[in-house]
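First chain A sits with chain B, and in the next complex the same chain sits with chain C.
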Partner chain A sequence: MRSYLSAFRLRRKMELQYRGAMLGGIICQVMFGLILIALYRALYAGKPQALPLDHVVTYVWLQQAFFRMLLASDPDLLDKIRTGGIAYDLCRPLNLYGFYYARIMAQKITGSLMRAVPMLLFASLLPKGWGLSLPASVPALLLSLLALGLGLLCVSALENITMAFTMRTLDPRGVQAMLNLLMMTLSGNILPLTLFPDSWQKVITLLPYAQLLDAPIRLYTGDVPVGEAWRILLIQAVWIVVLTALGVWLWNRHQKRIVLQGG
Partner chain B sequence: MKMLMKCQLEYPLSFFLQTLAQLVMEGGEMMAVILIIDRFDRVNQWEAGDLFFFFGIMSVTFYLTECFGRGLTGNFPYLIRTGQLDTLLLRPRGVLTQVLCSAVDPRRITCIAVGTVSLIIGCNLARVQWTVLKVLALAEAVLLGAVLILALFLIEAVFCIYSVKSVELVNALSYGGRSACEYPIDIYPRPLRILFTAIAPFALVLHVPAAYILGKPLYNWPEWTAFVCPLAGAVFFALIYLVFQKAMRYYRSAGS
Partner chain C sequence: MSYIQVDQLQKTFTVRKKREKGRMLREKETVFALRDLSFDIEKGELVGYIGPNGAGKSTTVKILSGILTPDSGNVSVDGRIPWEERREHVRNIGVVFGQRMQLWWDVPILDSYGLLKEIYRIPESDYRQRLKELTAALQLEDLLRTPLRQLSLGQRMRAELCGSLLHRPGLLFLDEPTIGLDAVSKLSLRDFLRWENREYGTTILLTTHDMEDIAALCSRVMVLGHGQKLYDGDLPALLQKYDTSRTVTVRFENPETSPLLPDGAVMTREGDEVKVTYAPQQIPTPEMLETLQRAGTIREMTIQPQNIDVLIAKMYREMDL
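And now, the complex of A and B:
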């Protein structure tokens, strides 16, 4: 376990190196947030909906703040597979799956926390109707944090599965782009899932993509009352088990058949 | 160009998946528009067909630029960082021409297709009466829109020359502009309107002619503005190009 923790720590330090890029990223995300909110405000002015505008605005801000968690990107591993550098990793006395799981987690947590904290501060300073509103209640906040953690486990497992596919196809961009885009659409980043037609929502919220951000945000705004939170947590737990099992199986299978590139 | 196409097709499975991914992405964006229309019906005076039209004209323009301007949008920071730009400087052609010709991105074709479909749906729903002038206005808007977007990517290149690393900040203007201007400009509050009219003139280049084609002139401006306003794109490009020239003179090689 300790070795996985240190893999986690090393990766976190790497992520902390790029502060300049981070500032640019934050400004970019804030811009996107403002544009989206302006759009929804205009739409609401024309035809108000059952869902309060405040919830939509909060949804947008939280999505933008944790945007980095959605994107799948670990160019290192992909390079390693392509250049043959993965041979070194195979020599480590570790389970590779766990090793990369820890790295992905570190990257997502550090990358997004550094962005999320200043962004959420900024968003909560904006006037009402534009800014982030407070969570529905204290238990709701705690539950949404728990759900965010579980969602993170879920998505990291999903990403590890794409890594396993990279071992086969060698050029990762296709699978990765595919995953990123499914994520963007089905996690509510392009359009809040709460604005999808009600019949669609029933299915989409069950998918693993919705677990990372949509589920915690619903708990935060109180769209899902605290009493029903167990259902969300249960769905997340089931996905974590299923995806991790599938990932471990694929890694073990592909690891045996991997062809080392380079010389 | 042919060689580049071949390179792209070297990894067929991955190429196929990437193209598919592009389709899913653009499809996803379009689905968002469909769902928004389904839920809200209309924004101010803009009805469903109008919204499809605005979305379509934006994505066709944007992805045309990305398809043929890939050399500038994707590879330029890499050229700077590795110092490969030096090779281009030695050849007896303009740097910009060479960079532009150095890459095409056929995967964007699916995105352009989605945009076109959206445009057609929009035209049908809004019952556009086509005239020669309107066709001309559309062609001018798309062409100059592409020039404008190219200019925005050129800003990024200029930043890149000075700072060696690529700057995400400019994305706020180019990609942010794309997201914002998929919808008609006059639904936004004043600061955003000024940003995308006066600074990055998406509204002048794309929205004024689009509104003219749809027969609902923006801000009730007269007809001739639909042909004059898009020229802002060309002016913008010319300005940025001057800055780019200056930056090229400043350029010092980073490689060894």
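And now, the complex of A and C:
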């Protein structure tokens, strides 16, 4: 366990070196946030929706702040598989799935926290109707943090499945492009899932992508009341088990027939 | 039972080639990386492993280190089958792939070592002592806090080697460890490997194209070609077989001197130097020297054996590689 923790810490340290990228990311995400909010304000001015505008605005800010959790493949890991550098990791007395899981998680946590904290501070200073609202209640905040943690486990497991596929296809871009499209749409990053038709929402919220950010945000805004939180947490837990099992299985399978590129 | 036993090892790769013009399908080709390879290595041996590019040297190392699974054949390292008991097996081996990196690119090398310490569960005191010993031997003391990306190629190789030895592996695979090293680093690396082998009885399998490495380090050498073992024995015996020509360069007091040479020797003149090439099996060296001395007063003379690379090239040609 300590070796996995150690890999986590080292990856975190590495991520902390990219402060320039962080600044660029924040500016980009703030712009996206403002544009999306302007868009929803225009929509609401034309035809008010059932969902309060404040909820939508908060939804957008939280999505943008934790954007890094969704779309961030570890380029080092993909390169290792592509060029054969994975050879070194294979001669360590470690479980590779766990080792990479730790790295992926470190990158996602560090990368998104570095961006989220300043962005959320900024968003909470904006005037009402433009800025981040407070959580529905203290229990709601705590539950949404828990759900965020579970969402992180989900997304790391998803990413590790992409890695396992890369072991076969060698170039990650095809699988990634496809999965990213699914991820952006079904996680609520492009359009808040709360604005989808109710019948669609019933299905979409069951999918793994909704567990990453949509689930914790709904708890935060009070969209899902504290009393019904167990349902969300249960769905998340089921997905964590399923996705992790699938990833471990794929890794073990591909590891046996691995071919190292580049001599 | 030997420490490493390899028995009739076989490994093939499928290579897909670009489609030829006018053909519908790509060609697939099965390449034999290893064909019925067998050898034994005893504990504490320092074995050189040579062969032309694509001979299967690296494939052997990858199978022995548990990364690749062979198609057929048996391997036992210290009583274990590498690819089946990977995690137990790799705990006791160290690997250096000369053209890959194990240390992290963006962080100081000391941090990468810290991770290796955790991975191999090296006790703190042992780690400190070993790190001190290795950094001194590999001249890394001043580089520990530098990120890997800022090291030169040679410095990086030394840092990589240190990383592979921190956990005191009993078996070390070196796949072209002297790539890109300058003369000083090469010599110190060789000294270090010899010391490591003597001090701890580390078994070392060294793959390289640098014949000087082999000559300096290995008592035993294996030659691999087309996935098959072609020679297994000591290096001098191997070289003697192909060492078929010498060159003597002489400068006489009188530049006009023209020695009368025995049959089979070839003489060329370059300025006031005379170069004589001959086969020592045909004309013994003392006899040749005597002939030259009789011809006139010698001001300066050097005898050169054939370059070791030329010998190896000749050997590869003869073995049809």
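As a convention for this text, the second predicted complex is superposed on the first by the 262 of 263 C-alpha atoms of A that agree within 3 Å, B and C clash if a C-alpha of one lies under 4 Å from a C-alpha of the other, contacts with A are read in each partner's own complex, and residues count from 1 in each chain.
In this text, a residue touches a chain if its C-beta (ideal position, glycine included) is under 8 Å from a C-beta of that chain, and two chains touch if they have at least 3 such contacts.
A quick note: this is a predicted structure, and the numbers were derived from the prediction, not measured.
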Query raised in the report: Which of the two partners, first being chain B and second being chain C, lies in contact with A:Ala7: first, second, both, or neither?
Result: second
Report task. Go through the superposed model and pick first if A:Leu34 touches only chain B, second if only chain C, both, or neither. Result -> first
Query raised in the report: Comparing chain C with chain B, which touches more residues belonging to chain A?
Result: B
Query - Touching partner for A:Ile190 - first (chain B), second (chain C), both, neither - result: first
**Report entry** Partner chain(s) touched by A:Leu207 [first = chain B, second = chain C, both, neither]
**Finding:** neither
Requested in this report: Scan A:Lys256 for contacts with chain B and chain C and give back first, second, both or neither.
Outcome: second
Query raised in the report: Where on chain A does chain B make contact in their complex?
Result: 20-21, 24-25, 27-28, 31-32, 34-36, 38-39, 41-43, 46-47, 49, 169-175, 177-178, 180-182, 184-185, 190-191, 195-197
Query raised in the report: What does chain C use to touch chain A in their complex?
Result: 13, 58, 62, 65-69, 86-88, 90-91, 93, 95, 97, 99-102, 104-107, 111-112, 114-115, 118-121
Query raised in the report: For the complex, which residues does chain B have touching chain A?
Result: 11, 13-18, 20-22, 24-25, 28-29, 31-32, 35-36, 38-44, 165, 167-169, 171-172, 175-176, 179-180, 183, 187-189, 192
Query - chain A residues within the chain C interface of the complex - result: 2-3, 5-7, 10, 13-14, 17, 76, 83-85, 87-88, 90-95, 256-260, 262-263
